[in-house]
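Starting off with a structure, shown below.
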């Protein structure tokens, strides 16, 4: 029983990451109809916003400490960060510690700018082009973005810890009457879950309670007619793209402490996020979110030892297996709209 | 000729000429020159060009004609490779049974996957094929290791039974793949002044098979069947109200292109008897998609061009290191030399991905029809210049009259 | 024999991952190769040529021929690595191939070199199979292997954590992971540990939470992560996130073990590696003359200390060159003969033997721990114990290495 | 007994009764028009005949065989061809190719693997296609990209495609909408001629009364999903209810 | 007979001509195909202009060019609406400047309900008729307001397309075959509506195959043939001109 609750919790958390990534993608892919292979790169750039901010905060100057030696036997150069030098180790240290949450503020303008530039500079010429062309250009862009990040930060993962306040885990089991340590959950992952819920809710509210969503949907179905009705659809597509980039980026920022960011983390998530969006159904935001949670939970269950002993390797394929089953039983995924990318 | 119209015959002849003379064409630089780095005329890469050409031609039969974008085609390539290597392990080192089995097994696999996936169209189809291929890849990498040898890839060993051939050679090594005794790796090297050209048996086998595949593809493109496939791409509703059942048509196209992929996989294993699981990964499927679009989807020659383009960058650009850059720019003053090396450095060697990414973007932005369009534009330019010339001439000739 | 050098130069092929997750490790290997070439050609400070016990090398290239090299990208994929190696052999006339950052790739390239008739000097490859069931007459490994990790680690684990422990293994689901799990399980069980569970994790996994969450509840008090590279960074980070290390289970502190450490990758896990035990082939903080000399050469040229991958690649290049000199030929069979049973010292790992039966080097193995108070970004690990060679040796027909056949050397066409 | 027998067909869309107890019998080799206000259910009825929709209840017999539950291509192979209200053609193909496909379909059935066969050997098909194009006055456009034609031309092409199949029952959903007057007249003549020469039954939906009264031998007026009256053209013209609900001044 | 409007006074029509909508020497292309080949005409405020011609003459292309839709491309020429230069605008700007286009294939937006289709038209200023008023005009739409727009019957879609144009405060209404597919009674209705619209001072350009109907409604007529204007005069002149009627209109 506790094992099951544990995996549900796990699945919810995993699912919130999937849902958040898929949410950004579905704004571009499900709504604007652009097969955006650079979406993973946006996620990755978000994570590197956190890395960059913590690098900026830890910019430091060197002083020579004659009592210690470095690996070549010379006196050791000790680094002190400017922030700590200026604001004192207490406040400065706290700022460095809180780099990841601070990076949210840092990432929003950057990601929106990246989204705008990407859309205005490149994607806007591709709305009417075949999906295959979109794949080629966004894939090329993804490679370029990755390589740029790699040139600056190297190929290895870069540790980007959460604030010390969120270290450790929360004992759910005790709350539910199980013995200690039966169901524990890291604090930061709980934060991530809450964050995902807020972002998802915000995006839903924006698209539900304004006409923006309807206009963009209409624009995707028929750009020309929307133009005839006096609407500047280009502008709205750009905004949508910026929004999607921001959502992707924020998902990345918050993900940085969970797994150390590296330059190819976007590609690792790319296929999965496409699967999530399509399983959710093209053009459906709730679908993408639901599919994210569903796949997250099923994946968690599949990784249980009891399940794996019956079906060896099931955790390797569960996502794809579920995707196939859902797409065969429901022609347009969970909640897909008719006619979106069906030809 | 051969049941083709003049234009197609010409195309076929040109492609045949280029592939058969490839050892010359791809090695334009003397071996000792600095530019020799750009020579691509060595057996492995030439084989890769034509093998991936076959893969892309087959993919294009499905994608270019019907518009169904399969994102799992690499699975068939992988299955073909595994079948071929098993044939080498169990039966004999002759490539013919291996290639035939590769096509057969991948064809069967395609029937299975196609039958299920073709129930959906558009992006849903793409994701279904992707899911099947990723499942195959993940299983091949881990659970199916007894069949696939997992991470390392299936390879020949000294303990293979090989019922119809020798188990080990006289020297105690593993025998090599051959076509009735003609070893695939045997290479004749022709030295011509400072140039050297390599003629490899395996390459010519692949090249001939590629030409055959290309010829068949042309026939398919021009056949009523090909027209039906284009009709499916254009309007499935009209198709079914016209009394045609789109499903068997798409399935047939899917299986044909799956068999092309299997053939490519079989050949790959015949040239180098190892079948790695990565051959089935989504990135490999993505690669053939990119090849086809880059070259020009729906065109006959495009996919071959795209395949060549990507494989060239992967194999040639990745090998250019700083050492080589320095030797290129050595004639310049030191400061200049270092500056130039620093500028070029990010784009070669470990930066070859960056160059490829930039080229993808440039091609798709400026040549919407892919590399084929570049060719068409050049041709048009020539024609225009010619016609300008003639009109110039006539303008000039007028006063003389 | 294949690619017999005729002119004044000889070409070596350095086949390392330049793209993909192991690109940084590959870059470090490449640095080591370049350094080795420089030293062999008589440049620089001569590096380990001065400390190497064999004095055959003269700093004038190999057999009087200047060394040139070509580089390629394995992409950490067997296929791409073989393509790259083939192009080195067919196009550039490379007579020896070296490199690699994964066992799958090493085994695949080793197999290719065997059939093409060139020598393969493996880089970083830790699986038992490389010199076990997949060993090849033309292939040689200097790096240690999973069995040796287990043999070196187990006594230290027993000393530090006691002999009454329950271990839970998470293992990357491919051949290297399996051999490492097998080795560690065997070594620790021999000391009285109990193995509670072994769980395979998908290679593509990035988030290990659902594998780690059940650990605490299983009764285990040690978690062994048979992961490498990105997998290791993520699984370790996740495990620490779950607060496993603060827990007391069975009245013992919960412990995490990472049997194969790589300093480069350990950096990616940041704070999380502190105090965690593992093993490594070599570390720059070793104080023997050879290690110091190598760190000095490398550090002076590149500004930071070398990794274990760099050290193994450097050593392999020197060993190859030395074997050529001693054999007086570039013929792979001659070289193999010179390397088989070769005893040497002065390359940083103490007295070492290249065993003839399986082409595996036997030398001391380091047990290391994540450092609590690093003084610099390179100072991630500290050496806990140098396990003597005798303790990690095994018979060449040990069951974990059985099934293969070295075959005979192939000089090619 | 007509060639097409529709009995008690009902079809609901959610709360809307699109077809209620429709009974219709079409005599072989006649031209039967279905007229009625917009949204009366005419196209819906047609959709039930060709397998696009399945009626909730009722039966549809073509030449004594039920068409219900059959796929569109099976129904077409039985001899029913349909022209859509908004032209459905193969936009990416040339006009000539558009015309060849239905000819292949009626020659080879719903699937035939002719992957290696040469198009040049299909002279008969090409000839036939050109002949139909000529009948439709479109021979000069044979190499055009079908999508880039004006809409009137697209519609004529679609009619031609259906005619080329020599169907036994031809269903036309507003075939002359948006067609120039001259072409409308040509189409009327063509349909008349074809009906007389070949053994074709035509069911036509049309709002253009000129077309209806020139062609139809029998007219059913549909209103709100149920047949209001069925009669000869002359009587329909004078029918007061029809005049009021539908024809307006046009009559 | 070719009657060309007099442009001798000057290039800039907005300064010289009293016309409300002026098209001067407009050339339009679809890619490489040259469709509208330099046409010029004026429409005065409150006037109804009938734009007539055969299938493929370029009528739709002309309307789309005026509405500044991205394809066709207008390579040369000027379009002025009420002293504003349209030729520099994109379609949404032209729409905001007062152009309302009812496209020939109606272009109801899929995935949106009837009501949403109408709401969509009222997002960008200036806003025209209220939804209530539109529903009053087309009660059929009011009944179907929650239905997905593309599942409407053909005629209902046409109503929706017209209603959608009126939902915006437009100065010029461009109608591309508005009667197509409509029951005769509805055509009467729409015609009445157009007269109401005219009374409110809205200028209209109507393209219609039913030339007689269009001419009865229109004040003036322009006849197009293969992308050029062959006739430009008052509607009654066209009706009376025997040769024009037979040659271009087949009536």
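Should a chain be cited, it is by its letter among A, B, C, D and E, assigned in written order, with residues numbered from 1 in that chain.
In this section, a residue touches a chain if its C-beta (ideal position, glycine included) is under 8 Å from a C-beta of that chain, and two chains touch if they have at least 3 such contacts.
Just so we're on the same page, UniProt names per chain: A, B = Branched-chain amino acid ABC transporter permease; D, E = ABC transporter ATP-binding protein.
All figures in this text were calculated on a predicted structure; none of them were measured in a lab.
Colleague: Expressed in steps between touching chains, what is the minimal separation of chain A and chain D?
Modeller: The least step count works out to 2.
Colleague: Can you tell me the least number of steps between chain C and chain E, where a step is a move to a chain it touches?
Modeller: 2
Colleague: For the pairs A-C and A-E, output the one whose chains share more C-beta pairs in contact.
Modeller: A-C
Colleague: With chain centres defined as C-alpha means, what is the inter-centre distance between chain B and chain D in Å?
Modeller: It comes to 47 Å between the two C-alpha centres.
Colleague: Counting in whole Å, what is the centre-to-centre distance of chain A and chain B, each centre being its mean C-alpha position?
Modeller: 34
Colleague: Using the average of all C-alpha atoms in each chain as its centre, how far is it in Å between chain D and chain E?
Modeller: So the centre of chain D lies 30 Å away from the centre of chain E.
Colleague: With chain centres taken as the means of their Cα atoms, state the distance from chain C to chain D in Å.
Modeller: Spacing between the chain centres: roughly 75 Å.
Colleague: Pull out every residue in chain C that's touching 2 or more other chains.
Modeller: Within chain C, the residues that touch at least two other chains are 23, 27, 173, 200, 202, 204.
Colleague: Per the touch rule above, enumerate the chain pairs that touch, sorted by label.
Modeller: By the stated definition, chains touch in these pairs: A-B, A-C, A-E, B-C, B-D, D-E.
Colleague: Could you please specify the touching residues of chain B with respect to chain C in the complex?
Modeller: Counting only chain B, the residues touching chain C are 39, 42-45, 48, 138, 141-143, 145, 150-153, 155-159, 168, 171-174, 176, 187, 198, 272, 274, 276, 278-279, 314-315, 318-319, 321, 323, 349-350, 352-353.
Colleague: Write out the stretch or stretches of chain A touching chain E in their complex.
Modeller: It comes out as residues 211, 214-215, 217-218, 221-222, 224-233, 283, 337-340.
Colleague: Considering the complex alone, what residue numbers of chain A touch chain C?
Modeller: Those in contact with chain C are residues 2-3, 6-7, 9-11, 13-14, 17, 68, 70-72, 76, 78, 150, 154-161, 167-169, 181-182, 184-186, 188-189, 257-260, 262, 264-265, 268-269, 299-300, 303-305, 308, 313, 315-316.
Colleague: Quick one: which bits of chain B touch chain D in the complex? Just the residue numbers, please.
Modeller: Those residues of chain B that touch chain D are 3, 5, 216, 219-220, 222-228, 230-231, 233-235, 237-245, 248-249, 252, 256.
Colleague: Can you tell me which positions in chain E touch chain D when the two form their complex?
Modeller: 30, 33, 54-56, 60, 104-105, 140, 144, 151-156, 158-159, 177, 180-188, 209-211, 249-251
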